[in-house]
Amino acid sequence: MKRIAVLTTGGDAPGMNPAIRSVVRYGIKNGLEVMGVSRGWLGLINEDIKVMDHRSVSGIINQGGTILKTARCQDFFLKEGQERAYNTIKKYAIDGLVVIGGNGSFAAAHAFYKNFKVPSIGIAASIDNDVNGIDVTIGADTAINTALDAIDKIRDTATSMERIFVVEVMGRDCGFIALTVALAGGCEEVMIPERKIDLEEICQDIVEGNLKGKISWIIVVAEGAGNAEDICRKITEMTSLETRAVVLGHVQRGGRPTAFSRDLALNLGKAAVDSLLKGETDKAVGLCCNKITLVDFETAIQKKELKIMHMCQLIRDLS
Amino acid sequence: MKRIAVLTTGGDAPGMNPAIRSVVRYGIKNGLEVMGVSRGWLGLINEDIKVMDHRSVSGIINQGGTILKTARCQDFFLKEGQERAYNTIKKYAIDGLVVIGGNGSFAAAHAFYKNFKVPSIGIAASIDNDVNGIDVTIGADTAINTALDAIDKIRDTATSMERIFVVEVMGRDCGFIALTVALAGGCEEVMIPERKIDLEEICQDIVEGNLKGKISWIIVVAEGAGNAEDICRKITEMTSLETRAVVLGHVQRGGRPTAFSRDLALNLGKAAVDSLLKGETDKAVGLCCNKITLVDFETAIQKKELKIMHMCQLIRDLS
Amino acid sequence: MKRIAVLTTGGDAPGMNPAIRSVVRYGIKNGLEVMGVSRGWLGLINEDIKVMDHRSVSGIINQGGTILKTARCQDFFLKEGQERAYNTIKKYAIDGLVVIGGNGSFAAAHAFYKNFKVPSIGIAASIDNDVNGIDVTIGADTAINTALDAIDKIRDTATSMERIFVVEVMGRDCGFIALTVALAGGCEEVMIPERKIDLEEICQDIVEGNLKGKISWIIVVAEGAGNAEDICRKITEMTSLETRAVVLGHVQRGGRPTAFSRDLALNLGKAAVDSLLKGETDKAVGLCCNKITLVDFETAIQKKELKIMHMCQLIRDLS
Amino acid sequence: MKRIAVLTTGGDAPGMNPAIRSVVRYGIKNGLEVMGVSRGWLGLINEDIKVMDHRSVSGIINQGGTILKTARCQDFFLKEGQERAYNTIKKYAIDGLVVIGGNGSFAAAHAFYKNFKVPSIGIAASIDNDVNGIDVTIGADTAINTALDAIDKIRDTATSMERIFVVEVMGRDCGFIALTVALAGGCEEVMIPERKIDLEEICQDIVEGNLKGKISWIIVVAEGAGNAEDICRKITEMTSLETRAVVLGHVQRGGRPTAFSRDLALNLGKAAVDSLLKGETDKAVGLCCNKITLVDFETAIQKKELKIMHMCQLIRDLS
């Protein structure tokens, strides 16, 4: 193995840049030439690719986003798109591929590997933390702290104006961000896709709390479990209490990665290069029980089960 | 003057707590007894009032929101509500009132003063910076930095995914937050209520930029100038480019006040007490040309004119 | 078990407040009466103790420090001091003790348990992350992010002025903060107590780097491995290059706990109460391999071994 | 005027990058060619200079430090150094110079102008806020908020452990940072170069406070007024109370500029270009009474007088 390429795909996550830095510098340190592909699969299709050196990843360790950019690429789902990507790989004599992204990215990498057998290792990076077999992905810790910072701020107004807030956080089909943030934020309730929600019950709690003098209330809702505006409207209908919606949105994707997101990214970058050098392929590197492990792409893209009941219970017990 | 009362009304703003701290401690230092009224005018109507001492404002200098809470109070617009408030003032022998809030609060204070002649001084606190005759209100600097922090994060994704973002910020009828943040955030365009907006022209710029390779774009819109979702839809219709809306919402109200918001609050708290002691009334204290000055309530509640054209131009020149 | 007491001892750590909140609210939820002891062992000796209710821990989840305060207490090392503490426990009919602190606190708790057999469970909270048998303590993640934030800022000047910086971080005898921060900060070198340091070698690297155009340099030193000022002086002597020392100091102890520090604290508070209810004693609860586990006080206070060589190597490989 | 050059000198300040961005983009917009000089005067001497375009200042608006770097340059104090700098200016046909820096930088620019009559405009950037005739320099607001953030964190420990802290902040001969931060941080005392300090009196206050139950204490000291370690030692000697020193140091120089620092920088960048185009020279642009004004270099480098007594008094009144 002499030359590898690295790319970022799917939604950007804070920590992708330190992951790139690690792949590039650790790869070079280990005698490899490392090429950077722009805009994910699209760049592979369009030959948007260049050699990276030690300097090309300077000053990015604390930057959100990805210097390699990322893009959606419908063409890569088609055989023809993959063929063009493979032509680029042959043309540049690329012996291995490091794919930084989430489970969508790994599904694409898996399909590409099945068809063209280019050695490929994934690095699990996604704020949603929805990669199966992996405890925590690059970017999740940063997104959670960003959302928590917002909730701490909202709490100031919730308490001062004695209002109910419904705060919608990201996470797609996964309630991880919502649960973690609701607990850390001292929120009163959380609504996640993994658990059936009884809004009437919540409203009853609110009304009862109100009678006891508990007037401010923050309910965190995962985007996969409902829409903050809708929920607000229903709560107001059921309780006659003023309710406000806040949708944190894309703010959660950006920003300086936290120490945890960075150190994870740096370690996984090294692990991805080591794995390619050892002949591994069709797998993602990720953190599992505090150890860096390899997970088959096929496993990684399955639906992840969250162990949540104890967290939901703790949120209620402490609120 | 032996006893004064302090209250916070209207939307909460970061810096209200240091303002309370200053009124209480500086008042006590100057021989006054200071009472705190809960929930603004409502607390005055309901006799929700208590004596404050040095300790009761400990540890709040760096807290958002207001320990005195704030509430809307329709009753205070009625003569009967004001009479009940006045009864409380007589009952507790309150010689002066410090009203911390924005122009809505000052309109109420002005009406109350006209009817009952209780000496009243306002402290201009509002994230919207919409108090006429005053350069900058308590809380505006904090809200602006919060919004800017969000825009910096959104920029990471805008650049990485090469997308257009429309970011809606607070400010009610006033474009101050939007302008300040759009300039500081290096945003490409700003939409404010003070200036007619030609969305078609903006879309033309976007399409032209796109052809030249400028693909990411952040447009800041003041809540008084439009709705981020609507604007996104129209941009997508006109340009066929993917566009995302982010509504920063109540996050902008909370959080640790900045140094500027705190120092302003502390100075204005002192100035309010000094003004009451000097026999001033029916006026607000605020910063004007770096000096603390008094502005008649009647002036303060007029529509504030922003000098904006040079800022709008600078945003475009530098983008 | 009807009544328990909770106290914080040793250096404060961000997350102690959410831990207190969890012990109090989860304890009450489970039918216990919970008392809060002020200033650690000192409060137990002096009967500085009071019943806590649901409200007494409101609004503290996002606050650094500890509302119960903490203090050094030489008297508790003496039999007489412990006897007085035990008298308080008998007087208030306390059936169990939750001790929030680091390994010094656990050593004291262990001694006290041996002598007086009061059921005691520790919660591992310390920025230094030096509790044996436990992967990560409450507060470490927050302290690390605070130090990292400082290093990111220092990097701006190091790059702009092309200077060498030696940054001293906390951690007592443990290099955990230093290692984690040096990696995440993209620092060039790290000096920790667990590894013999060859300053001459570092200086040689600096001089060689300098010839190749690498002029800015950040060296992180754990307080247990040396003094930033001394190291600066030596580097200047050996390399003739301008060098600056920064000692981050107590800034690292405070601040809003991160999501991780809070969630850990809330889970460990619950676990401590559960453990007491199950009849456990003389043990600390902590996170080990992502699971909450019990560790004998006797084990917890042993010297913790860091697995560090791969991290030191990675720091060098990526710099 | 066809071609101008921009450079940054002296200590770096957060906001220098947006100032560079503004000079470059606004200059180009106005038909000028803009060259960037590296490492201040040194780059002028060594011909370290290159043309900048719109893209070369992309993505720097939210970055601390300066992309043009800065350096001390003893040679520029000598006629020979200035002659070499002037040769560069002639060689590259530079018609005007924008000098971003503090009063040291303006003294050098003034001397250079007297000798070689190259039109020169300064932009006041310095965290110390020590430029005479100008209310506030670029970077001061950011440095103050960084120091305040640190003091808020230290307060957590000061309160929890009931300790006295002496916190040393930057500012050279100027007490501006110290005063502003001490007020905003709710600190008990401040020591600045502009006012004679009676440490014995402070210690007496501490001892008296201690008797009344006030045990935690934060004293801010400007670097020009003393050394935190020394002051700690003396306080411990006089009061027998445990005291801790924290020297915030270079952390205060870096980091993302605040909204205020950025908007000021962007406006001053424009103003500097406008001033050169109008034929102004030997002057600095800066903010005075909320307006951008020109100040003669000769005035700007005089000792700035702070109006401080009311702030010192307010700090004491509110503590």
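Points to keep in mind about this one:
Note that the chains take the letters A, B, C and D in the order they are written out, and that residue 1 is the start of every chain.
To be clear about the criterion, a residue touches a chain if its C-beta (ideal position, glycine included) is under 8 Å from a C-beta of that chain, and two chains touch if they have at least 3 such contacts.
Here the structure is a predicted model, which means the values were calculated and not measured.
Listed by label, the chains that touch chain B and also chain D number zero. Taking each chain's centre as the average of its CA atoms, chain A and chain B sit 35 Å apart. Taking the mean of the C-alpha atoms as each chain's centre, chain A and chain C sit 29 Å apart. Remark: chain B and chain C have CA centroids separated by 39 Å (rounded to whole angstrom).
Within chain A, residues 152, 155, 159 each touch two or more of the remaining chains.
Under the stated contact rule, the graph of chain-to-chain touches is a ring, a single cycle where every chain has exactly two partners.
In the complex of the two chains, the chain D residues touching chain B come out as 18, 21-22, 25-26, 29, 59, 61-62, 135, 141, 144-145, 148, 152, 155, 159, 180-181, 183-186, 256, 258-260, 262-263, 266-267, 270, 289-290, 314, 317-318.
Residue ranges of chain A in contact with chain B, taken from their complex: 8, 11-12, 14, 16, 39, 63-66, 69-71, 146, 150, 152-157, 159-162, 165, 244-255.
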